[in-house]
Amino acid sequence: MNRLLNSIIENNRKWTKEGQVASYIPELSKVDSNLLGICISTLGGEEHCAGDSDTKFTIQSISKIVTLMLAILDNGKDYVFSKVGMEPTDTSFNSIVNLEIKDAHKPINPMINAGAIATVSMIAGKDSEEVFERILKFTRKISNNPNIGINDSVYKSEKETGDRNRALAYFMKGTGVLDGNVEEILNVYFKQCSIEVTCRDLARIGAMLANDGIMPWSGERVVPRDVARIVKTIMVTCGMYDASGKFAVQIGVPAKSGVGGGILACVPRRMGVAVLGPALDEKGNSLAGIKVMEELSKQLDLSIF
Amino acid sequence: MNRLLNSIIENNRKWTKEGQVASYIPELSKVDSNLLGICISTLGGEEHCAGDSDTKFTIQSISKIVTLMLAILDNGKDYVFSKVGMEPTDTSFNSIVNLEIKDAHKPINPMINAGAIATVSMIAGKDSEEVFERILKFTRKISNNPNIGINDSVYKSEKETGDRNRALAYFMKGTGVLDGNVEEILNVYFKQCSIEVTCRDLARIGAMLANDGIMPWSGERVVPRDVARIVKTIMVTCGMYDASGKFAVQIGVPAKSGVGGGILACVPRRMGVAVLGPALDEKGNSLAGIKVMEELSKQLDLSIF
Amino acid sequence: MNRLLNSIIENNRKWTKEGQVASYIPELSKVDSNLLGICISTLGGEEHCAGDSDTKFTIQSISKIVTLMLAILDNGKDYVFSKVGMEPTDTSFNSIVNLEIKDAHKPINPMINAGAIATVSMIAGKDSEEVFERILKFTRKISNNPNIGINDSVYKSEKETGDRNRALAYFMKGTGVLDGNVEEILNVYFKQCSIEVTCRDLARIGAMLANDGIMPWSGERVVPRDVARIVKTIMVTCGMYDASGKFAVQIGVPAKSGVGGGILACVPRRMGVAVLGPALDEKGNSLAGIKVMEELSKQLDLSIF
Amino acid sequence: MNRLLNSIIENNRKWTKEGQVASYIPELSKVDSNLLGICISTLGGEEHCAGDSDTKFTIQSISKIVTLMLAILDNGKDYVFSKVGMEPTDTSFNSIVNLEIKDAHKPINPMINAGAIATVSMIAGKDSEEVFERILKFTRKISNNPNIGINDSVYKSEKETGDRNRALAYFMKGTGVLDGNVEEILNVYFKQCSIEVTCRDLARIGAMLANDGIMPWSGERVVPRDVARIVKTIMVTCGMYDASGKFAVQIGVPAKSGVGGGILACVPRRMGVAVLGPALDEKGNSLAGIKVMEELSKQLDLSIF
């Protein structure tokens, strides 16, 4: 397995030259675009890694699946999905159009920014600090890494330049989707996006989901089976933004990408997988990361379809 | 199994009172809204049916997966997907908006009307008659039913009232997506929608897909494994129109619906399933049919996620 | 006045090198892009021309004001505006989006293609031939030119390549805006667009409108005052497509452009003006024609605001 | 004239029962919906009023023409229109869609909220207080009323509930349309909307515009002729939101409405007119106010077309 992973990394390193590191958050543009790493965490508890698998990077949108789980645990799925839809969209991750022309009261799914901001607003906590502490604690637990923290300069950069997210949040505040203080909610959102992880961390989260909500390393259940299933399903239909359809056809497993260059994938009943490749394609997904996933899926016949 | 199916039909018969039979095609509005049927076709070759499982109804949009397979067999997947996308959409099945504001040269997926019309235009044949004959023959083969034909009055009704589809087709002709004579292409499309099938027929098509392209009853392969997989994947992301996301979460199997009231589903490596329930919800999917699928999925734990 | 017109033509001839002759109708792409002409027809009955003022060109969208007048004469303004709106739009002249997302039952104004097709469908006549004959006769009358006819090769070219217009028409047929046979209605529309006129012809139509519906040369009223006024108003808000706002600010008179390169303008209570310049800007308006109008408006202080 | 105005007010008082007082700003919903007033200010310096012509109400969107003039005076028209367009739109006054799908860098015109916020951001001043002071001073001058101030409770209500405007502003901040501090800019915008005026005040502003920028009562020029003309033109094409086309056809004069129930109109070279009627139609324009304007326009033949 290690040999396979090493060879996949080598085969696809050329793709790191294509694509662009995210630049709309200034701090992200400083990331090394040559990085390429992969880690697999099996349900049997094994971990296989190759390339830059222990390099830290910011989790960005991959955090949306973490907060979705937490929001459902706090409120029940019925309440959460009364506030956020579960349909895929052909609009981009930061689109505001559907809030105006479709349904101002329900962002279309929890994987686009509008839906993720609405999701985080539902997480319990007496103030924004406590809400974020709960997110961080939950992230540490499901990744089995108590040392996870945030990248402070990315967080500040996100906060400073997050005007599109402010537009989404104030729009939803105006139509009643969001309760509470918008800047507080956004503050949590900017922080959750700035959580620093490695491929190893994310692969474990994937393994927990692949194992229907039970952490393989401890046997402890962290989310009910149906919650794990909901999250995996939404990852397939919406996880790779408006390239989710193509990813499903070509790779065929639940996955979620982030503009930090990470992709978290999980193969139900088999394994969690995470890759890192900061140069992005025009949809905002890791270009080399998708290539790595594609080769891995073919080699190990991972598609669930 | 038969007992289970009978009980599911009984439990959900009440839902046939909700929803509306499709009315935009006059002939369809005459269908009996009380019908409810189900058929399962396993990979072991067994068939279990309940309710109105042998009642004929028009296949409508379920034909889109048949013509997608045929178009790929004729042209290869690369060519087909250079002309039609594979992304889910939040617009309705007959929407024209994306052709203008997104990409006039590529309907977003083969399951919406625009994409299906583009797909059928790629099927080989010296004239529209031969094209349709090939579609009919292929449908008969993969459903193991040589008696399948079309409902002539539905076909005429579709043709007469198919102005929205004409709009889609002429728009695509204008932007170069469609080659050839628009009325001829539409004629094939109206005919393919008017093919009459039963739940039993569709369940077999589902079984063939579940079996990765091999017909369980004969062991004969009709489509390559990767084609079967592509079709199943697109069924998950786009098969239930702009309610595909919810269907995936609640039922979790590849499926395609038609406004005739049918739903064809397949459970990879296990079975094909088909249900009939002509009263539709506001998205155009069988209302009672979805309820039946939901109970079946829970009882047999069918979700692939 | 003649000296002024000659000098304006000379000053602006350079602009004929910018812009592009319409190419989506193959026959139009053969037009000489160097043409530049102007004609003024005053309420006192004088005519002043310069440049290529007697060169024939196809009227194209300028015919929309002719058919709007005729449709109102035939049906009354209340009926016409129950079928077609009177609001300006930020979408392009051949846009279909608003029919889907705004109001499928009412194209937004009679100056975009959808609205113009709906307008022509309301003109009386026992068949499409008679409808067109009435349009032609009316055009001859209000331009005081009994020799006006159609350009047959442009007509055939329009008909052959008019798939976008077919899409608009079938869409409206599907939603009930259009009664009757779509191809017949389109046939009239393609013919009306192919009517051949000169600047002199159009300037006279402008003079009649400027004179509140009375032809200055004969004193005969052809349309009631309020109909002339409605047409002039809609020319200001919608006449130059989605560049109407800028044209109103910079030139300030009711005007209608056509992709044949013509612009018909009228200065209420003063004169009709027509210019020809086949090279178009990206909105589909005559690029040099607008420059000519701009200089003329400044020199003669034409703005109505 | 006074008799005419009184009779028009009486004839149209019934319309105050239709429509709805604006409710999205809580403080506005307290306004008396029965109010109806009119004031005319001629170029000869006469003033004729009827009904509730001296009742104060908040200026709301009518302030957009004041700030447009000031922004042009401060920056020149070329700069202003490099940042804001001048095309009419078929979207509503608070729409955000075009910023995403058309041109994120240029709101479509200065009469919709996005454009008005961009406009106010260009007005000179060392801080938001000074900017607003300049707006207030200019408003007092062109209305010849040194006592004009703001309605503090409306201002606070606007500020508290102005989340849709915040969404617009942050969106434009994100795309670079807005420089400077968003909350400061919005603060000025909320204040300018809360300026309290009477019909008499607005009629004088209308008279100044009708007089090409010269205040009739003093003979002093406050804006150059071409600026007055630009403003009047944009009032015709965009002043009544997405009902501007209909207003132009039926009434035919430059006008701007506000959700406070006011309409400011001007008849070039003749008079300024202002009406008050707080109950709004579904486009956000004074319902009875439009009826009053319609009758006045017919009686005095005001249409410029």
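Each chain carries a letter (A, B, C and D) given by its place in the written order, and its residues are counted from 1.
In the analysis below, a residue touches a chain if its C-beta (ideal position, glycine included) is under 8 Å from a C-beta of that chain, and two chains touch if they have at least 3 such contacts.
Every value quoted in this text rests on a predicted model; they were computed, and no experiment measured them.
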Handout entry: For chain C and chain D, chains touching each
Key = none
Practice task
Between chain A and chain B, tell me the centre distance in angstrom, where each centre is the average of that chain's C-alpha atoms.
Solution key: 32
Problem - Gap in Å, rounded to a whole number, between the CA centres of chain D and chain A - result: 46
Completion exercise
Distance between the CA centroids of chain B and chain D (whole Å) is 54
Problem - Residues of chain A engaged with two or more neighbouring chains - result: 101
Completion exercise
Pairs of chains in contact here are A-B, A-D, B-C, C-D
Fill in the blank from the handout: Per the touch rule, the chain C residues reaching chain D in their complex are 85-91, 98, 102, 108-109, 229-230, 232-234, 236-238, 242-246, 248-249, 252, 254, 268, 303-305
Problem - Complex interface listing, chain C residues touching chain B - result: 95-97, 100-101, 161, 163-164, 166-171, 173-174, 182
